[in-house]
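Single-structure report; data block below.
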């Protein structure tokens, strides 16, 4: 797991801390925790899942008090069991109490994304298919959530509107057909930009393959059609299945031979991984 | 429903659009949608739920192209059925295609929060209890998510570390007891700040009531203890139940007579409300 | 005195330094102070008053040169006499000269607020009344000025439009009466939000007490009316006197038995505390 | 009076509004002012003074609701009497109530600076001397406060560390003398940068004049020394008197023939001009 | 030419205007242009070249005064002759004078990039080769400069470190060889990410082709080697020539059959296109 | 050479790094450079020129990884020969690879400005004339580019619209003449602001000298007229020649006796200084 550079995560962590501190800061802790006696706490998993976001949590604590140190026990990408210690947080109690909620809000959310991803990855284990995310991410957290998908063993689809071309139904309608749309895009984009087209039917797929395309998004197709599509593509493009993917349906979809299965809910609807902060002295 | 002022939502919407546009913008749409012919599209619910975030969606479209107009059919707070039109979006196709994903990312997430809230509110209908959210919100989206909770019929707990005092177990441990903690906080905070204390046992509650407190957070208590707690409080403080609240468990919790039921997953784990953008000409 | 977390003051200090440095930086010092020989300077009070803002001053120096160290002699909240040393500033002369004005602009302003507060607090010593500030703060410096009021021994009124409800004359006019206004607000706000109502007459106060309210702002009342108001309230709400408060008038106002005396000029018109930076070698 | 471009004041006004709105917005007004019926209000002077900041106030209202219109009756720079209407504010009551405090915080502060300036300008009327401000401004509001000084009839000293060189006592000490300091600075700065030197004695002044300088800041000199200094300078440099300037002492200082009298408290300690917002229907 | 959305260019234009306005604004124009009489001016080419950046220039004027209107005569991408009018700028003289320099700084720089690109494009006309830019762009202006390259008829290489993989000599050294490097990257990146490898020798190219790669950057090769490389690649990858490309050398490089010729100086060293603002009444 | 304070350069360096990292970071290096083994690299000049911007480059590396250390061999302002080592960069290979392009983009651009300046300075060596830059700088990089001009031995003209008055042809036209324009400006600006007027003819110059002015910009005059202008000015104002200055024409212009020669292309069109990063183990 390659971590994101601190410079990429710091703006969001700063903003989230300020969002929580408001104009008066942590008035409860300020009233009570007058001393800065050293404290040891632990981030503990309350559920099984996969960890993601320890750098983000560590930064949240450090930005409140540089004396707080996070020591990882289970790094990003590791699977944890309920009750397992993910990391130790040592430092002055006051800062730990103040930063706790923001650190957990990031860590539990990103670990939730990683855990959901890992479950789907496990569901298709032994097949050729990879699990990929979409652009249906939480606003302002895209880089972090894409990272969490990687931590869970998944791969990333495009990161935005600009790093790959994805031709959808409305683009096809405006262009007047699949082939016309692909050709317009090919004439427009740079040489390092891949082009994917979303197709609803095998007829559209055939049209796309006729003019050539880097990837085909097979949207909401039946298993039978997916199988046929994979056969038609025959390695000339990347095949991606999409639509109504669950842990139950994923194995059968993967069995059709598609290269990728894309899943929006990894980032838009995965529940958090429940993680708590326990005080140990 | 009082909407949030535009000035409060604009920074996040701008940042989310730039996050998606990256450095090259919408390369697919730019290649294809060369004309700016007027288009009519509709935001359509794919599931039943409650709408929240139409101003945010409208702003996303407008920031991409001021010529795009959103006309509400079902305002924030309204319940929608699958297939029901929430709003019409009229304007140049190009801008609508470019802003679509960001607008939907906000709208479907906030509507998801509102819908989850509304389900719990319905579950306790006829009782005295109100459903409230927590600080377990998505980083950077707290004001919007708190708004979505209100759109779903819920109420808001504190918005940050600074607008109310909430004394938790670790504060009590540091202060050396419930009463000591409350007194330290009372001496510290302003006259318009309410103080709530989290108690795990009826003994702690008794100690809190002895020194007086504005609200008591009854954490993970049994139904029997909740009932006793409500009796002990006897209107002298607001009672709030918390911990493992689901649609199934909520009615019984509400029946204990508590004033509030607080639920973290409304904001940290509610799935989105599936909303699509359909092209109508 | 609990200090504000650095993360809360850093944006304003950075912006103020850049405001002063402009596009060319400190051209005078750059021309002259070519060496970075260690220097010792002292922040010295030129008047008697109360110190506030040493963290802000220290940060201003540190952001210009991390080698500059501020050692407090008289911490925030301490009273100083003319000529008394507040803190020592050690480090390279160049950075000290460059940061001096911005550091002093913050420190003397915040100390001015603390000093004005302390004078009023002293004026009501021995009474029950506390001195509180208002929202009439310097734009962009609210958190710091509210902090300075606490450093001076005062307490804080609400920090913004959102952390407590304050019903004013125009709200009452729109709602159609005191009771109606209070009830509308109570139905609207969360359980941790207190409600205060501004009343001009004892009749309005009676109406407010009839429906219950957390605090009553007794605006510009005569001493006689204040006394009667305190009697009418009889502990059922917090009483706050406001309007034309000076060091001379404050004792008599406090003697009426009000809980709070709120004073706008602590933050909008307090003169600075004159503090200089003396070079000692 | 040339107004500041909107682009220069908008960042501070936006930030001040967000500072006041916090995370929940104006909860009192939101609860009460459900309708957006048109309202007419007036900004009314409660004291006599000089107006400054109407563009800032207008922008505060407009950023909350673009439908709010401010119509000036007494423009920036105009003198107003108690009770006089400065401007009318027309628009939906809700937005006016929400923006009122921020608009007044800017307007009353800037008008306070203008009024203090105007008083000193009047005190030296008929003399050659101009009143100028310093860099002792409110952090983050320098451009606005310098503008307010101009609105009050004063002139501006340098705006920051970079637009003119001002050699102070510590610079002289480091350089090893007045002449050495001036020569080092002259060798360093661009051709459009003026150089001013602060002198405490007539001996230092003589040294400065010997090497030539654009302006001499005569710091805390007696009236007698000021007179001699003006004679020594004999038009070869601009003369500026500084230190302990009040409305009482200013005329005598001006009578010494100095070109400028600089006054820190115009911007660091001027009380606000009391301005209220009256509802008229 | 598809223009960049305003939201993408506005932050840089705002920042550039504030950089120029400083703390006091346009003091010369403010002193002189007291009236806001309507003026007509024209952006006129002083050299022949290709225009790019009219939206940026228009926004600079509009942000200073919304009443200023830019009417394009020669749109982005058009070739202009010396003396030719590019656009008319109508509006109040004051705002036009204030915004002029910033508008021209953007427009002349971007047009310089477009013009340099167009010259190279013309130099390889009739061949298969396309001219592409690099990441050697002006800091903070990458999106705009990449746009200007497109306006000049060129194509874009990757926009950053994250939208395509480009394996350079140091990566190869660390990985221990070309093939190893390609395989590590392929295992790491998403399915829509293309991989390019920089090779210095035909041996390295052979190794790359052996494991497959999307594009090969043929760095500083002789014409003879470029020809051989194109033959070896035989359409299995995109071929890109790089190094010491000038208008003189470009035709011969293009004649080798390479697909792309990448040129750093289009964005790092192209001189501006000289454009002036003429007053016409 | 006095360096710019870090606080002045950090915002641009952070923004440039984020511009390059995008949403996924350095995907190539992340795939390959898994270890953080210490590496030594060197910034090496590929051309002869003058260095500027080492602090900026060092900061770019440090913001990506605080463990990276830049050791200067040839400081800002030093002349380097092709192949000469400018600085050593030691630290983990991964961060060096990631920050390399941004560091070089700043360093080579600023060194290009310094080198172009130094060439012109050399061209007028032995004369009285100084080389100065203009406001035709790269948007957002003005402070850095003005610094680079100083590193190259040049001096700075005004930094923005606000630190000096520069009366141009259009101002004169609006004011109705040179003398009228100067007088309007003199009445308007502060005492530390110098006034320069741009004149096209000796008649205009005479008019300017008649009312007095700090500097005269002699725009596009013939050598003969420049000589006469210098004679007419006779030390009463600073003389500045401008227009079509090249290394070839500069000596003759300088020989006319002008004080300053201003050159726009130092900042708008200077090619970069080619600097590479070599790996040394």
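Each chain carries a letter (A, B, C, D, E and F) given by its place in the written order, and its residues are counted from 1.
Going forward, contacts are C-beta pairs under 8 Å (C-beta built on N, C-alpha and C of every residue); 3 or more make two chains touch, one makes a residue touch a chain.
Note that the coordinates shown come from a computational prediction; the quantities given were computed from them, not determined experimentally.
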For chain B and chain D, chains touching each: A, C, E, F
From chain E, the most remote chain by mean C-alpha position: C
Taking each chain's C-alpha mean as its centre, the one farthest from chain F: B
CA centroid of chain C to CA centroid of chain E, Å: 52
Centre-of-Cα separation between chain E and chain A, whole angstrom: 32
Chain E residues counted as touching two or more neighbouring chains: 19, 21-25, 30-31, 98, 142, 156, 159-160, 162-163, 193
Overall pattern in which the protein chains touch one another (line/ring/star/complete/other): complete
Residue numbers on chain A that touch chain B, as the complex places them: 12-13, 15-16, 19-33, 93, 97-98, 101-102, 104-106, 108-109, 112, 135-142, 159-163, 165-168, 170-171, 173-175, 181, 184-185, 187-189, 193, 265, 268-272, 279
List of chain F residues in touch with chain D within their complex: 130, 132, 155-159, 162-164, 190-194, 196, 214-215, 238, 240, 259-260
Chain B residues within the chain F interface of the complex: 19, 22-23
Chain C residues touching chain F - in the complex, by the definition given at the top: 14, 17-18, 21-25, 30-31, 34, 63-65, 98
In the complex, chain F residues that touch chain C: 2, 4-5, 7-8, 142-143, 146, 156, 159-160, 163
